[in-house]
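Listed after this line are the structures, all set down as structure tokens.
The two complexes that follow have chain A in common; it is paired with chain B in the first and with chain C in the second.
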Partner chain A sequence: MNAQELLAIADDELILGWRNSEWTGIAPFLEEDVAFSSIAQNEIGHARAIYQIVAAELGTTADELAFDRKPAEYRCSQFVELRVVPDWARTIARQVLYEQADEKRIKALMESEDEQVAGLAAKIDREEAYHRMHAQMWDERLQDEPRYVEALEEMRPLVDRRDGHLPEFEQLWEEMTEVRRSVPGATW
Partner chain B sequence: MVTEAQVWVALAEIPDPEIPPISIVDLGVVRDVSVENGTVHVEFTPTFLGCPALEVMRDQMADRIRELGAEPDVEVILDDSWSTDRITPEGREKLRAAGFAPPAPREAGAPQLVQLQSRSFKCPYCGSTDTRLDNIFGPTPCRSVRYCESCRQPFEQFKTI
Partner chain C sequence: MIYEVFRQERKGQPFTHAGSVEAPNGEYAESYAREQFGRRGESVALWVVPRSAVHEIDEFVDELERNYHRVDGYPLKEKLKEARERAGTAGDR
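Right, the complex of A and B next:
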């Protein structure tokens, strides 16, 4: 697994974490407010840990990778960039499809010859088990709901699309990097 | 010259920033302590990767080591070596007494939704297993929320990882 491939995974986790945090305070009910906030926190934690490994290889820092690149340099998929709030069916559809795809690549990373990468992937996998249970619970609940089924069909082809970014990514990037850009060179 | 035993004693006095009744040594996040030429090397494993208490714990360990007159070198180990199984028996009892149900033992496979939804988790207040899952997620990433049908009390269940 080279640095650019790891970077794509970290970028996916960071951007999906950001998108999931958009439910904080406005989810349909309190339990999901807590769930999406917690999932977002975990995903951003995974991104940070992967950025640290990549940063050591590239001679930079996790913060620089997360916040100092230009939008075009991010390697996340268009799928995680989609702004789905306030559509619950599309939110759950993305979460279910993402967890399925993410599980495959995390399991593959656990087999990596790089011990540091394999060890981190094993830890991430244990946390992701709870995201998968959350996705499964909602998939079972919504499986006969036409809006959910439609959202799955619409989104399935987008899961690994990495040819450029969606227009809404620019705004996410502006918000996400705003604080850091406001005080160049500050130590956080 | 500070000894490893003195460092362990000092670290055992640092409370978990999010669950103060239990210390970071009870929590099992200190994997190893070694002393060499006045520098104390600590191997520290985070609980959850996104846990905001990580930096707080790391800085508190460094402060305590400086108070002992040594130079701290706290290394954060990002692998799978921490598990909720590393919480000490004393730590588990302190959790329970504070109203947090201790984690179930780690099993070979990943935990399953059907297990979480089963009535096999014990209420930390009354001991009944007549408890249901209210939310897989809770106030911090390491906890779920359950409800005891017997004493009608919601409680926090430590996740098994």
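Right, the complex of A and C next:
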């Protein structure tokens, strides 16, 4: 697994975590709000851990990778860039499809010859087990809901699309990097 | 459905009521209980119980006011004082 491939995974986790955090405070009910926000936080945590490994290899830092690149340099899929709030059916459809695809990727990383990568992947996988449980639970609950079934069909082909970015990615990037750009070099 | 959640802070300690979660079924309840009461290392174990499974008792009949059944009906202070005097240890403390 080379640095660019790892970056794609970290970027996916960062951007999906960001998108999912847009539900904080407005999820369908309180318990789900807490759970979904916590999943979003975990995803950003996974991104950070992967950025740290890549940063050591590239001679940079996790924050620089996360926030100092130009939008065109991010390697995330268009799938995670989609802004789905306030559509819960599409949100869950994306989450279910993402968790399925991510599971394969993480399991492959666990077999990596790089011990640091394999070790991190094993840790991530233990957390992802709960994300998968959460996604599966919603999948079962919504499986007969036409809006959900449509969303799954609509989104399935997009899962690994990485040819350029969606127009809405630019705005996400603006928001995500705003603080960092306003006070270059600040730490906290 | 409402589920009551009890948490154990350390192994061997009693479970105490942590709060409740609303969830459509036990599976969701488990997931939500984990997120709300278990993800910050504040618990080593949780009990997640449908509220309907909890038998609440909130009526305690004591028509004859038998205060000897109650802690406050059995003051020890005087008895301790007497015992200490008998033993000759009064005033030691």
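Keep this in mind: the second predicted complex is superposed on the first by the 188 of 188 C-alpha atoms of A that agree within 3 Å, B and C clash if a C-alpha of one lies under 4 Å from a C-alpha of the other, contacts with A are read in each partner's own complex, and residues count from 1 in each chain.
Following the convention adopted for this analysis, a residue touches a chain if its C-beta (ideal position, glycine included) is under 8 Å from a C-beta of that chain, and two chains touch if they have at least 3 such contacts.
Since the structure is predicted, the reported quantities are computational estimates derived from the model, not experimental observations.
With the two structures aligned on chain A, chain B clashes with chain C. By the touch criterion defined above, A:Ile44 reaches chain B but does not reach chain C. When the two complexes are overlaid on their common chain A, residue A:Leu58 makes contact with neither chain B nor chain C. In the superposed three-chain model, the partner touching more residues of chain A is B, compared with the other of chain B and chain C. Legend: residue contacts after superposition of the two complexes on their common chain; A:Ala122 is shown touching chain B, with no touch to chain C. In the superposition on chain A, contact of A:His134 is made with both chain B and chain C.
Of the two partner chains placed by the overlay, chain B and chain C both lie in contact with A:Glu31. Contacts of chain A with chain B, set against its contacts with chain C after fitting on chain A, overlap at residues 31, 34-35, 38, 130, 133-134, 137. Contact residues on chain A toward chain C in their complex (touch as defined above): 29-32, 34-35, 38, 130, 133-134, 137, 141. Remark: chain C residues 21-24, 27-28, 31-32, 34-36, 39 touch chain A in the complex.
Of all residues in chain B, those touching chain A in their complex are 48-52, 78-83, 110-113, 116, 134-141, 145, 159, 161. Those residues of chain A that touch chain B in the shared complex are 31, 34-35, 37-39, 41-46, 48-49, 52-53, 116, 119-120, 122-127, 129-130, 132-134, 136-137.
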